[in-house]
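What follows are several structures.
Next come two complexes built around chain A: one with chain B, the other with chain C.
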Partner chain A sequence: MLLFAFSLTLVLAAAVVGLAATAKRASRREALCASGFLLPSLVYLGLFLAAPLAFSLYMAFHKWSIDAGAGSNPWVGLENFSSVFTGARSPYFWRALLNTALYTFLHVPASLAIALGVAIILNHLGRSRRFLQTIFFLPNLCLLAAVAVVWRWMYNPEIGLFNGLLRAFGVDARIGWLTSPKLIGGVLPLPLLSIVVMAIWMSFGVQAVIYLAGLRSIPQTYYDAARVDGANRWQTFRHVTIPLLKPTTLFLLVTSVIASFQVFTSIYVMVDETLLATHRADVLVYQIYDYAWISERNLGLASALSWILFLIVLSVTIVQFRLVGREVNY
Partner chain B sequence: MKGSQAGVSKITTVASFVFLGLLALTMLVPLVWMICTSLMTRSEVLGGTLSVLPKVPQWQNYPKALTILPFWRFFLNSVIMTGSVVALQLAICSSAAYAFARLRFPGRRKLFMLYLATLMVPPVVTIIPAFLLIVELGWNNSFPALIAPFAGSVWGIFLLRQFFLGLPRDIEDAARIDGAGELTIFFRIILPLSKPVLATLAVFAATSTWQEFLWPLIVTDSMDMRPISVGVALYATQYELSPHYQMAAAVAAMIPMLAVFFFAQRYLVRGIALTGIKE
Partner chain C sequence: MFSESTHGTKVLFVITAFLSGFCAGCSRRDIPVLRVANWAGPEEIAIEEKNLDDFRETHPDLRVVLEPIPRDYKQKILTSVAGRTAPDVFLLDAINVPEFLQAEVLLNLKPFIAELGVDIRQFHPTAFAIAQRNNTLYALPKDFTPLVMYYNKKLFDKAGIRYPSSDWTWDDFVELARRLTLDLDNDGRIDQYGTVAQPQFSTWAPWVWSNRGDFLDASGEKATGYLDGEATVAALQFLLDLEKKHHVAADSAVMKSLGGDLGMFLSGRVAMAVSGHWWMPQIKGLTEENEVQAGIAPIPVPSDGEHVTILYEAGWAVARQTRHPTLAAELAIHLSNETTNRRRCAQGVAIPANLALSREIIDQDVSGLEKVFFDEVRFAREPWGARVSHFSLLEKCAEEAFAAALLLNRDLRKELHLAAQRIDAELMKRSP
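Up next is the complex of A and B:
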């Protein structure tokens, strides 16, 4: 990897400098200067992005034990990929994929809807807005790992806040919010839902602030025109606010979906270890981590899975641009 | 007619204020709960009855919690890691952004598109080979391992380029006529004019580095190289039955970031607006 990374970086840098040298004589000095300015970023991207990206594809076709020395990584062809989709590990993969998708499609729409609602109400308030805005923003500024530790405690079945509240209302609750292996409706593991609630708590505030910026950039004249035409509140919202917020929505949607597909920290900190070992509450990034460093200790298998995740995220993003982006006029 | 409409809108204003106020209070529950629990005795916490306020605030929980694990070491590691990443990102991103915004060279547009395309690569794809690279360099469990993979940021290059493009060219042209070189223009004109956007990048780099979890988990294995994110998670597993210490550590881990970023809020929002909404 070391040799490969250095050679690839060297080639990249040489290519850009060489390209600059082909510039016409009059602008050659400027072009060479530019390649000088680009060099630090090229070295960084070569070593920590381009080379690892290419190398992980190479690794995906090998059995690559993390404990074996270099040179003992046999070529296995497509076995890493096929063992993800068929065979003993495939139920784990489908479970993790389903969990990741459930997490994303529960978290993102709920969070965006709350954010939009809050932003609209905030927009109607005067000066008191700032104070409330700061409170909603607050969780996003907390250290996620620490937040996860706190919520893990709040979800404790014996002495946590949630079961405590239920008991205060007379329900004898012993709900294992983060430990229950049961599936809600046969599909959704309870721990995942618990973590979604925390994720919404953490993320909607910052999204509301972004929506608020979007709302405030809509010219008043559109609303005046709607009023003249006799539109009621709902019609104005449906036909003026929503369409004009589309670029904001697209931006928030794409970035939150990409982030949600890579959820890891909260799962690692919060979900019960024995439950994680059964792969019941797995998500894709956790499974990659698990295959590489915990259970299989096979970096090749983990790399194959990471490429599958990459392709899934890429296609989901393209679909979103197609569905929402088509109607966006900047 | 007009009067009744004003009345209605007054009612909606009050109603929405009350609604948001209640929502804000709910938002604060986990944080209040965290602080209260951090000040309780163990028997109060594990008592089984839902008590909110500690009978007598146990301030000594804090010094105790911060010494049962090397909390200050975690903290120092995170400060060093974050500080170095911010400095490196400012240097690497601003120089690349300058080339893309101000200098002409063959293939500029294509190269920039190539840079942007890398934003699509999820970090988890590159961490496995990057881990091998770090091991082969003999850097595992050291600061270079924590810092190097975050030294640059394509998002940062994009942010700075957008800002540089908007800077007036007059001063620059005048300097060029006076015989100033690119380095002089970059250091003496562009960078001083770009303080707000550099601050925005610094804040973003700092928040994301402070939050970094998976990578430090992989490349560090000794207590004294763990950053605060991984360190604070250790409390949950190693002191499972001492929630008051867990909460004290969580409070101590959150405060510095809150303090810094509370004042930097406008830079955060500005950064999002610059890259996200205004195309």
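Up next is the complex of A and C:
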């Protein structure tokens, strides 16, 4: 694997230098100088990004059992990919896909809406804006695993904060926020909804800061023109602010959806182990982990599912650019 | 001229710095390094460092580094093996021996035992046999424990109930659990449970075996007819019914929210629970402060069942890819000797595999609990995982079946049958 990584990196570096060398004499020196500056980053990307990606694609076409001895990784073609969709554990894949989609569709819009609201409020504040910006940004600086442990305690059915608050209001609550196998509306596991709430808390702050930057970049002349035309606040928001925030919205939408599809740490840390064994609260990345280390112990199968996840995320991103990106003017 | 001399100075500095670093690296590379891995917590780490200090004193030209891995131990060891960065010596759980053998991770220690003059009679024969295969030996035993039933004497005394006897049955267990499941403040919610739910596979074997069931056939290659056999299903249904039918077991959600099974036992919220010797350090500590009075009994059996339990063991293994096999073997031998285990006895996580030392502990124990553990070893079988490499697959499928029955109210027999079929299909695929 190391040899493969070094070889790939050398090939990439040689390609860049070679391309630079083919430039016209006048700009060749500049091109070579530029490629020299690029080389360290290229080596890093080659070793830690391109090489592992290429190797995982290679593994996806092999049976790569971690229990087998060296040399026991036979070529299996598309068998790993078809196993994901039609194998004995495929019902868990479809459940995980549904859960991941539900998580994304709940988390992203809610988080963006709250972030926009907070950004609008911050935009109208004076001196206290910076302080509040910092406060809202803080959750994003915390380690996700540490945050997950704290929220797990808050969701504790016996001594947690949320059930305690409900009991303070006279509700005799012992809700298993992270342990209940109930499906809300017949589809959404309650633990998943609980984790969405935590995820919104973690992400809206940084999104609000980005939205705030977007708001402050809108020229005042547009608002003045709208006021002159007699637009009220809602009309100004709808016809001036929203359209001019589209580049920011598109950026946040795409990055949030990509991040949501990769949710794992919060599920692994927070959801009850016995409930995880029923696969009711699985998400796609947890399935990858399960295939690699627990149920199948097959890195080839796990790699195949990773590439399927990549294709799903790529498709969703393309759709987002087609639907929303078309109207974005920079 | 000035810029030329400055430039020359810079070049000379860079060359000197590079050569210094290179030489420093070279000199460090000359000292052999042995890396040791285990799953120790903070207190155990301190004890192991002292054990390693003894070895360091006798090997001054050697660097020995302890690398504790408190979580995902097996995955990390296997990953390091795949990356050819395995620790030289590592603690090996008995249930992982076949997997590690199949992955060709382990060095045969038999030649070194003979060469270094180790007396294997010092070890408990059952513990020693777990890592033996024909004429090879893959780990030197460190410690072991059977599974037993802990009970809280104070709760029994408060309820005016006699302690469990050594030949108690499943019916006796359910009856005691019922009498010890109480709503202490009359708010309609149970505050004290008779026992705890057991969704982990690691605690099932004694219940299944005592009911004359099993998980696989004698060859370890077939699950259908065994995992879903009458006796096995009956035993697992009994465990399920403790929570779902008799309501005497704290469910896993309650358990985890109140400190786990040990936390609930120590805080007096659970009267009886199955576990191994690893509970003893905390129990001994609280017994000295008179917070807890624990008793130990064999796990109950069905009325026509067999007295049997399971034995869990850990040993010191050497990685086949080690660059210093003799030194690593010496270190493994050192870590399993009576002196190092005597230091670990202060912790008391498990029964030391050295016969003389374990007898000494029994003699010095005034509570009588250590003797119960040692007596139970006579009835203990080694786990399937110590013999069969694909056992983790069965464990996973069986736990999924149990969880589906426990949380999703599915039929346990049907789920175990599906699990057995899945396991057999997978074993067919994996067979040569």
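Operating definition for what follows: the second predicted complex is superposed on the first by the 311 of 330 C-alpha atoms of A that agree within 3 Å, B and C clash if a C-alpha of one lies under 4 Å from a C-alpha of the other, contacts with A are read in each partner's own complex, and residues count from 1 in each chain.
Heads up, the rule we're going with is that contacts are C-beta pairs under 8 Å (C-beta built on N, C-alpha and C of every residue); 3 or more make two chains touch, one makes a residue touch a chain.
Note that the structure is predicted; figures quoted are calculated from it, not measured.
Contacts of A:W293 after superposition on the shared chain: both chain B and chain C are touched.
Once the two complexes are overlaid on the shared chain, A:R280 sits against chain C while remaining clear of chain B. Of the two partner chains, chain B and chain C are each touched by A:E158. Looking at the shared chain after the overlay, A:P181 reaches chain C, while chain B stays out of its contact range. By the touch criterion stated above, A:W307 is placed in contact with chain B alone, chain C being left untouched.
After overlaying the two complexes on the shared chain, residue contacts for A:A31 are found with chain B alone; chain C is out of touch.
Judged by the touch definition given at the top, the superposed model places A:V149 against chain B, while chain C stays out of reach. A count of residues in chain A touched by chain B and by chain C gives the higher number to B. Overlap of the chain B and chain C contact sets on chain A: residues 1, 156, 158-159, 293.
Within the complex, the chain B residues that touch chain A are 12-13, 16-17, 19-21, 23-24, 27-31, 33-34, 37, 45-48, 50, 91-93, 95-96, 98-99, 103-108, 111, 115, 118, 120-130, 132-133, 136-137, 148-149, 151-152, 154, 157, 182, 186, 207, 210-211, 213-214, 217-218, 228-230, 232-233, 235-236, 243, 246-247, 249-250, 253-254, 257-258, 261-262, 265, 268-269, 272-273, 276-277, 279. Touching chain A in their complex are the following residues of chain C: 72, 75, 78-79, 82-83, 99, 102-104, 189, 199, 252-254, 256-258, 389-390, 392-393, 396-397, 399-400, 402-404, 406-408, 422, 425-426. If you check the complex, the residues on chain A that touch chain B are 1-2, 5, 16, 19-20, 22-23, 27, 30-31, 33-35, 37-38, 40-41, 44-45, 47-53, 55-56, 59, 118, 121-122, 124-125, 128, 132, 134-139, 141-154, 156, 158-159, 161, 164-165, 167-168, 201, 205-206, 209-210, 213-214, 217, 247-248, 251, 255, 258, 261-262, 264-265, 268-269, 285, 288-289, 292-293, 299, 302-303, 306-307, 309-310, 313-314, 317, 330. Per the touch definition, chain A reaches chain C in the complex via residues 1, 66-70, 88, 156-160, 174, 176, 179-181, 272-275, 277-280, 293-295, 297.
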